[in-house]
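Shown next, in structure tokens, is the structure this report addresses.
Chains: A, B and C, in written order; residue numbering restarts at 1 for each.
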């Protein structure tokens, strides 16, 4: 029996009369490298928002490691090991890189509300943040303000903040969006090098990257799941070719 | 009954003044706390023309509206425009600054005293019905306000201008893309909002009084109307004004010891349970 | 661990060290005492307003909660301490503690109302709460004295030792001591993980839950603390003037406080202090000329700040420091 890290059951999200997520039942296996693809506006980000609790579903359920978390607040899901990155950077422009990541680590280890001793006095958090930055080869920028960083580097901070949660399940929403190709390779190497026990759900438009990275792919079209399967199955699925991939993937 | 009618009349007056705020706040998303200052300006224009130049009352009203709109447009072009994209806090600070300046200006030109106001003969007096005394001026206010409410609603909902305005607010860039002159639309809307403030201010002198503290004294009421009515919603503002007017007048009449407390409490409770206002659409956040 | 060794952690480890400029700053109140011995009443007012401004800075400057009704807490604190002293409990520190507790409770309770909405709703709710308190104080004349103000306060000597004197010496040192103590606490707060998370909320409230931070709990906490600070400031005013006027709760006080904070530069503790000093001194000098002129220029100043100098005095100082630093750097090369 396979165990699932993340599941949804009949998930629906309506914005007024518009159905952005249409009866989605998705299963993400523990330890999977699962990709979520679909044309622009298909509802991929909305799905992530529902998974993380950023949005409340209209109906349906979200199940994390076997527990229903549909009505749990975002930060509580994070406490259970569900972390995400955002398609559009949501960073702390005026904090330094080290401060940002330290803040994230603080929250994970539960000292985010300590109000008496200075941030620097909690060496375990600062050290952990620094070593995370070194893994991401960001150490030389540790004391730079986030706003002064190149865009590609900011995308890395986006990931660093999620990794600081030591997630069991990591949701990556187009992590390389807007990053020049040369840098996006490097970025994906970083992601590919994450430990295998971290389950990853990846949204990505670059099919080369998706097919190299994923062991399972789900296709979302107009809010509904069209199909899912291994990269081979998806590549050879005529329906997928028709609605989404077109000729791009006749390799 | 008379109390209720007075409440309705004062609610109508409140509507006249605050609907302008509802327009700028709701449709342009600008927190203009200086709205009361524009109303005050209308009031001063009215009494000055009336008392010093002998212009008939009814003629002072359009002049007051026009003069206020002109000042409004001048300020919009030079200052307000720069802050459309700013945070609400910045808009608040900026407009408080304008309020302070207007108060000082009113002191300088007109002194601290209440301005005297004598209505023309035909608006004085009462119509006495069994169990109901209707002040003629109050009746005049009610009729005028209803007409304006109707006209405004038509303007925003049913005309090209209204459609362009809503498009400009929803997405200025897209609106520009389809050839709408967003700047001009905003200027016109602002002019409309301030003209209404000026008109309301002129009409309000008799009931609300007029002295330099006017912009601060009543701003809370205007904000309540907008908050309760749902900003940008003309009919909502009308209903909210009526409720507020009746509750206020009746409250002061029957339970004077509670005073304005109820009104603030109602506003806070309202805002908590229906942040979009009584009649506001629930926007997807 | 290896990584940490290669990184110089000094900037984060020493962020909370007292700098020489700060120590110099705190010599100002001492110097002022000797330079302006005849203006102690004004100086005391400055200290109290500085504390009040500090409290707004915590909630607005650090956590980004906008408020148009912060005077609610100032006024409640003033009445709490005033009523205690008028009913035979005149110990000043007792008054401060009571004021802090009462306002903290109000702050905690209202924080749930305030946190529900976006900026505009927050402005209106804070305003509404303050107006409600104003009306209550206005109507409960048998308790508060209404528009005539609360009279008959008898404030005992501070710590049983220092009696409040006619020249206001005790009042001055008392206010300065309280300000300094609470400033130090606030300073600890903003340099702590808690303070860092508040900055996070202000800079990007949408991200905070995604890094596991309970945003509303943090905001509730800082709103409560800010309320208590404001309450203590109000209590200080009541005790040092032995009187509570109804205008402690007035809208003007909240609006003026916002102005002082943006003048000084929000989001910096010294900005709050400097803004108060600049504002109150200017007020003192200019309003003697003509109160109306003063109000006009005040308004004009506010407009100019919003349009052109959003970072306030602190921003100006920092910019000056940077330019100075750059200039020095250049001459060295």
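The rule is short, and it goes like this: a contact is a pair of C-beta atoms (placed from the backbone, for glycine too) under 8 Å apart; a residue touches a chain by one contact, two chains touch by 3 or more.
Note that this is a predicted model, so its numbers are computed, not measured.
Listing every chain that touches chain B and chain C alike gives an empty result.
When chain centres are defined as mean Cα coordinates, A lies farthest from chain C.
Averaging the CA coordinates per chain and comparing them to the mean over all protein CA atoms picks out C as nearest.
Taking each chain's centre as the average of its CA atoms, chain B and chain C sit 34 Å apart. One inter-chain figure worth recording: chain A and chain B are separated by 48 Å, centre to centre, where each centre is the mean of the chain's CA atoms.
Centre to centre, using the average C-alpha position, chain A and chain C are separated by 41 Å. Of all residues in chain B, none touches 2 or more other chains. Within chain A, no positions touching two or more other chains are listed.
Residue ranges on chain B touching chain C, taken from their complex, read 31, 79, 82-83, 86-90, 92-94, 96-105, 107-108, 216, 220, 223, 227, 257-261, 264-265, 267-268, 271-272, 275. Of all residues in chain C, only 60, 66, 68, 113, 116-121, 123-125, 127-129, 131-132, 135-136, 138-139, 251-252, 255, 258-259, 262, 292-296, 298-303, 305-307, 310 touch chain B in the complex they form.
Those residues of chain C lying in contact with chain A across their complex are 1-4, 6-7, 9, 11-16, 188-189, 191-197, 199-200, 203-204, 206-215, 217-218, 221. Within the complex formed with chain C, the residues of chain A that make contact are 52-54, 73-75, 78-79, 83-84, 86, 90-96, 98-100, 102-104, 106-108, 111-120, 122, 125-127, 130-131, 133-135, 139, 142-143, 161-162, 164-165.
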